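A, B, C, D and E label the chains in the order they appear, each numbered from 1.
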Amino acid sequence: MRKHLSQHLFRRFVPFAAILPMAMVTLVAYLGATLWSIRVSFSNSRTMPTDTFVGFAQYVKLFDNDRWLLSIENIAVYTVLFILISMILGFLLAVFIDQKVMAEGALRTIFLYPYAMSFVATGLIWQWMLTPGIGIEYAVRQMGFPDFTFDWIIDQDKVIYTIVIATVWQTAGLVMALLLAALRGIDEEIWKAARLDGIPVWRVYVSIVIPMLAPAIATVFLLLSTTAIKLFDSVVAMTQGGPGTASEVPAKFIMDHLFGRANIALASAGAVMLLVPVIVILAPYVYARSRRKQA
Amino acid sequence: MSTTTAVQHKSKYAKRTKRITRSWTPARLGIYAFLLSAAMFFLLPLYIMLVTSVKSMDEIRMGNIFALPTQFTIEPWITAWSSACTGIDCEGIRGGFMNSLAIAIPSTIIPILLGALNGYALSFWRPRGANVLFGILMVGAFIPVQVMIFPLVRILASVDLYSSLPGIVLVHTVFSMPVMTLLFRNYYSTIPHELFQAARIDGGGFVRIFVQLVLPMSTPIIVVAAIMQLTGVWNDYILGLVFAGRDHLPMTVQLNNVINTTTGTRQYNVNMAATILTSLVPLTLYFVSGRWFVRGIAAGAVKG
Amino acid sequence: MANVRLQNLGINLSGNQIIAELNLAVEAGEFLVLLGPSGCGKSTLLHAIAGLIDVSAGTVEIAGQDMTWADPSERQIGMVFQSYALYPTMTVEKNMSFGLRINGTPKAEIERRINKVAEMLHLTPLLKRKPAALSGGQRQRVAIGRALVREAEVFLFDEPLSNLDAKLRTNLRRELKLLHQQLQSTMIYVTHDQVEAMTLATRIVVMQAGKVQQIGTPECVYERPVNLFVAGFLGAPAMNFIQGQLDSQQRFVSNSINMDLSSYVFADSGEYSGEVIMGVRPEQIQIRDDGPFVGSVALVEPMGNHQVVWLQAGAQTISCIVNEQRPFAIGQTVLYSIDTRKISLFDPKTEQRL
Amino acid sequence: MANVRLQNLGINLSGNQIIAELNLAVEAGEFLVLLGPSGCGKSTLLHAIAGLIDVSAGTVEIAGQDMTWADPSERQIGMVFQSYALYPTMTVEKNMSFGLRINGTPKAEIERRINKVAEMLHLTPLLKRKPAALSGGQRQRVAIGRALVREAEVFLFDEPLSNLDAKLRTNLRRELKLLHQQLQSTMIYVTHDQVEAMTLATRIVVMQAGKVQQIGTPECVYERPVNLFVAGFLGAPAMNFIQGQLDSQQRFVSNSINMDLSSYVFADSGEYSGEVIMGVRPEQIQIRDDGPFVGSVALVEPMGNHQVVWLQAGAQTISCIVNEQRPFAIGQTVLYSIDTRKISLFDPKTEQRL
Amino acid sequence: QNSAARAVKPIPAEKAEIIHWWTSNSESAAAKLIAENYRKAGGIWVDTAIAGADQARAVAINRIVGSNPPTAAQFNTTKQFLDLVEQGMLNNVDDVAKAEGWEKILPEPVLNVIRINGHYYAVPVNIHMQTWFWYSKAAFKKAGIAKEPASMDEMFAAMDKLKAVGIIPLAHGGQAWQETIVFQAMLTNVGGKDLYLSVIRDRDQKAINSEAFKKVLLAFKRMQSYIDPGSPGRNWNDATALLISGKAGVQIMGDWVKGEFAAAKQVAGKDFGCIAGLTPNSPYLIQGDAFVFPRTNNPATVQAQKLLAKVLLNPATQIDFNKLKGSIPIRSDVDTSTMDICAQTGMAIMKDKSRHLGISEMFLTPDQNGALQDILTAYWNTRIPVEKVQKSIASAFKD
């Protein structure tokens, strides 16, 4: 009895031991960094963190800043479009590649390769392609459509869409790979049953496959959300936030203030503000889940 | 079924042969059309990169990005690989290759293993409180990496890991943990729980079940994780720069030194060649990973 | 040798009370067969004994020790899952040897056991295959094999032979019985096959809706069912229930039947008169030319070695088993008799045996 | 009403020839039962008929049309998968109604059918549940329900009742028969249950290792098996095979038995003498005090309504069915007789019926 | 060589790790020259090149925080390292500065930045002038512009002419920092030194709201009307390429542009012209690179730092380095006859102390400077009333 009990306790303990690295990382790195950021955001730190606290001054400054407000607006538009289009395109690619097509390996690599390329260079290519006068507009005009215009990248209102295009190009392949892996996990018998039921293929996807892919879709969604909110490299490489400040995004604001502008307090305030909507969205979900587990 | 419809149907199916049904229905043509146009969209930038990389700078200054080179040159490739300047040395990007490998291999394997382990513990064992930790972790995934650099530098310096190979591997592990855990956790949630139960009856402990049952069933997701992680680490610049220390600077630092400049002259052809060269390692992984995207990893496992 | 004792067991699944206040004592070395309608909680019970689902009340005792919260791997249990739960990435051989390799059984011994079990289950040519390349029955046999190689203290079988052909099933049934005798392990066995239940069980447990209805030897349960449910559940074709009156002379009177039941032994050794339900098994009804009762043939089902004849007697349909191959015409009037020695009487209100 | 015709069918699965040169003609409205040992290719055959796996040779004809390469959805087929293959994210109701909603059946009609089928399968209280929250038998019933609501031309059932309790199974068997009569659809039904096979089939097909061994009415297959395999496969307990000699006077002679078989009708209406194997079903052996042959009781299996007695007669073990509840002691010597009218004789070399 | 150097040195040489951002071909050659000279002087140069000034500085700071500092790190001669000094994270090089008499040879604005509380914390190495007007001789010829513009009005007139013949008047890269350069050109050439100082140095609200400053802003906005639609996001060198090919007339950019012309084999004075300031008294904006020395107590390292400081300002190093880099020497006492005409022009102007003027980053904190940049780029790219811009700048410069 006693032996069993101790063995039992030991076994119960093993899973906890296994998640110890995760716990450490979560608590020390993530929770720690978050708390640190919050602390810094209430100080007047510049290049280095200092202990002079200034209350909400940085936040006031933040929301007094036109560029920050514009960045928020931009990232909202960007996030919605980027996630939506990447998921749809990635899903379609996964589905079509899953149809036993020829040259599957080559196609998969083609769709994935943008993900492997440093955006410092590919961003420049996109900038070229989108620049009126040398890029796609030029090429189409050469092909005999002299009135064709495609100048979003220099358009204050549309430049954010060009970032969407280029980042979708970069990420859609990864979405495809993720969903493909999940698609391949669906039992063949389910497919057979659906075929027998005479269900059109698209309906099978909509009504059976997509619900079964829910965990993978959740993964993709979270993954895309994190990359979207942290959007930085692509903007720097393609537009540097321009024209003007039209394509500024929060992460770039944070980075500029973190390094070039040596105002880590304001940068931290920005980072903390980024987390607010995330927590607001995620917390009830986590709470509900843990409640359900206990039930 | 009445005989008239039967006759109609007969003519409809009789002509069908295997080949027709399998490859050239309009639907299949549509699929190929979609895939091909998508491929074109994806390849266009690569085309420009390739074309640019074999032009001379003079030609690039002319400005027609789509045009084929009038004078083909592979000089930029050679330069990129072995003689572009990356500081006072001009030895191309190859210098960091071994460093990149030394960083990328452990930084791919360890996070994947940890992610799988976390996902496994979260989905099957559900230790108390783990979900809350996971929630915090996922929120943490939204913090821009750069914001965390400063505290991390301090922490690593305090344990004497700053500017070392283990240090940079640890940092990659930390930053990849949310995504890796998420990936595996959600993947495992689709595996029938009964398999896990059977293994417990068989006396499998935490580790055994993980190594012998769960990991072998994870091939597709491991491949995806490897794609993500290897690419991420291979292309990482800022973390390698800050944490790896001078002796372990990854290839991307060289690449960036070639490409990135504010006031120096730019050699677009060399930049493109260098970029493509740098990405060859992940690209190779993408290409060979195909056979691991197997179907039905859990097929035949359970009934119902 | 290990006994299993469940006390006041309660189990909830997603908020539904599946099993409540269940008590069951399985003796060491016993072969207990669990019977019950689909969805009554048999699998749930097995899972609880194995420690795979947490009980919400009560205790599970194995080999004299409280194992309610012990890990499944500590319970020394071999189990065949109703859904098989084979390891998809392992070959048949690996599937079976997994547990042994884990507890460090020597290689040679593993091989010996695998070969023995594979032989018995006709799996030898399939040892190198993965589950996905097996037929349904083959998968089920692998599931059985995986449990058997463990030579555990307690075996839990959840409908282990349901997808096998009759011949194999008969063979395996015999092998299991043999194995039980050899290993002296305790077996808890869920089946829907009456033949299996009858031939294998030392005792049968009949469950309904998460509750135990009767526990007893096969003969006892078959011949002296404690209530209408057990009576109707066991036996195929099912017991005939004939409603009528028991008068003070212990005569049973219904529309078409009037017979003396004075030899009937009441459960509480008392007497009774009034409304009753008489249960008669089909094999206790003989169609013979000198039978006292009349019926007309409504349906004939030939079963190979016997036929089931359904008789219409007034509003009552009565099934009986005829062992000769004698032909019957639908509508034909026949005479039949009822063997009163083995009938059961039930109270129509409480549905309990009288 | 649709017939199904398979001609020279060949099927390979991962390089193994599972089915070769199979010919089978199922008439419209027929209820064909497929029998065969585990792994003989029954499920594979059903999948091929449904168009779910590609055949490597031969043709599949449904309703008179070549459907070898037609899409499964064009074949008007309802199927119960051996592994159920329920849609895990849909409720029971959705699982059943999905196909109907897709092909535009009116809402009211869908509801009517679902209710009818759910009623019949006792699924009504479970309609809102997802498959994961169902017991094994409940899942199987959902799988049946999903096929039945389609009211297709051809139904393929792959062991649809294997996980149900005897009572439910008897009920559903009857319902299926009724449904078959109503819909007049063609049914191809895999089962391991002899009772199902006997009661449901208009014809039985016995398969072994991908080949058809015999096709015929249940009685024909049971009483006149064409070879040793079919003879041994059908019937539980299995047919007794007694090796011996047939002498020129048509007397069968073995160690313990010597009897006159002059009334036996040979398959090729010729005569035969020499080594034979005599097949006798257990129910054709009567233990009676005036029996001509002697044996000793080796084992008794009580089966509720009958008992199986295993007799040792020389080296031969013989099973027989005793319908009375008469007690036997192990080792007890008994006399028995053999009903010669329904015996079968086989050639020991070719294993074919003589 | 190395052994010879070692023989001269009193204490054994310590490896000196230097973080810098000179990675392009010309920069790299320039850096190499310093390294070479350092080596000759007995030091051991360990190179850590990191492209991008922000990145390189960030790494340097993190390395300092992580107690693994480099021996020296490149910064700009601006306020960037002020915080580090205040936190006590840098060593000073007072010994060297005193011994070499920096006070006499370095321009005042530079001294003001590197000398903090009387200590010298950085070694400046060069002077870049950001607001050069470069023009294509071919384009000017085509547009019929005979004379180099000598005032802002003439410049506008020239640009109108260029526009008339279908040439892009202003080759501009539409990135915020390039727009700031155009602004500074306007502020110095239209507003003049005094306005510059009261706006940028004194952050004088009155000056910012003045008519004079408004004129500067309007001139700045007028420049925007001379660019081509493809300009947003363009790199400066692609703008230069427009000049080289004769598609554009003028570019306002720093003297690093010379590298591009050289790569295209164009010669200053023949193929293109350079104007440092439109009027004889327009200020010469000083910007440049400097090295700082993270704090360390290791005497060998301190030794290495001092040696580096010495080498960096060595006249020979100065000449050779700045030739390669395209900038002009930081010290006024070197012989410039071997340099190109643009550099010589620059050096000539530098002789006049009254024309010395530091770029905005020498006066503003990085944060204020960034805010100014944000306002300017928004103004350049959108339609914002000039008064609002004045107000925004005023509010960004408060406190």
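The rule is simple: a contact is a pair of C-beta atoms (placed from the backbone, for glycine too) under 8 Å apart; a residue touches a chain by one contact, two chains touch by 3 or more.
No experiment lies behind these values; they were computed from the predicted model shown.
Novice: Which chains are shared contacts of subunit A and subunit C?
Specialist: Shared contacts of subunit A and subunit C: B, D.
Novice: Which chain's centre, taken as the mean of its Cα atoms, is farthest from the centre of subunit C?
Specialist: E
Novice: My parser should flag the chain pair with the most contacts; which pair should that be?
Specialist: So the chains sharing the most C-beta contacts are A-B.
Novice: Roughly how many whole angstrom separate the Cα centroids of subunit A and subunit E?
Specialist: Going by mean C-alpha positions, subunit A sits 37 Å from subunit E.
Novice: Indicate the whole-number Å distance between the mean C-alpha point of subunit A and the mean C-alpha point of subunit B.
Specialist: Chain centres of subunit A and subunit B, defined by C-alpha means, are spaced 14 Å apart.
Novice: Averaging only over C-alpha atoms, locate the centres of subunit D and subunit E and give their separation in whole Å.
Specialist: Each chain's C-alpha centroid was found; their separation is 93 Å.
Novice: Averaging only over C-alpha atoms, locate the centres of subunit C and subunit D and give their separation in whole Å.
Specialist: Centres of subunit C and subunit D (C-alpha means) sit 22 Å apart.
Novice: When you check subunit E against every other chain, which residues touch at least two of them?
Specialist: In subunit E, residues 55, 58, 65, 235 touch at least two other chains, as defined above.
Novice: Mind pulling the subunit A residues that touch 2 or more other chains?
Specialist: Correct list: 11, 124, 134, 187, 212, 258-259.
Novice: Spell out, as numbers or ranges, the residues of subunit D touching 2 or more other chains.
Specialist: Expected reply: 71, 74, 82-83, 86, 134, 136.
Novice: Spell out the part of subunit E that touches subunit A in their complex, as residue ranges.
Specialist: Residue list for subunit E touching subunit A: 54-55, 57-58, 61, 65, 80, 83-84, 87, 174-176, 228-235, 365-367, 369-370, 374, 377-382, 392.
Novice: Over in the complex, which subunit B residues touch subunit C? Could you list them?
Specialist: 192, 194-195, 197-205, 208, 212-213, 216-217, 296-304
Novice: Could you list, by residue number, the parts of subunit A that touch subunit E in their complex?
Specialist: These residues of subunit A touch subunit E: 46-48, 66-67, 124, 127, 131-134, 151, 153-154, 156, 159, 238-246, 256-263, 266.
Novice: Once bound in the complex, which stretches of subunit C touch subunit B?
Specialist: 47, 50-52, 71-73, 77-79, 81-90, 98-99, 102-103, 130-134, 136, 139, 146, 150
Novice: Over in the complex, which subunit A residues touch subunit B? Could you list them?
Specialist: Answer in residue numbers: 11, 14-16, 18-19, 21-23, 25-34, 36-37, 49, 89, 92-93, 96-97, 99, 101, 104-105, 107-118, 120-122, 124-126, 128-129, 134-135, 138-139, 169, 173-174, 177-178, 180-182, 184-185, 187-188, 201, 212, 215-216, 218-219, 222-223, 225-226, 229-230, 232, 251, 254-255, 258-259, 264, 267-268, 271, 274-275, 278-279, 282-283, 286, 289-290, 293.
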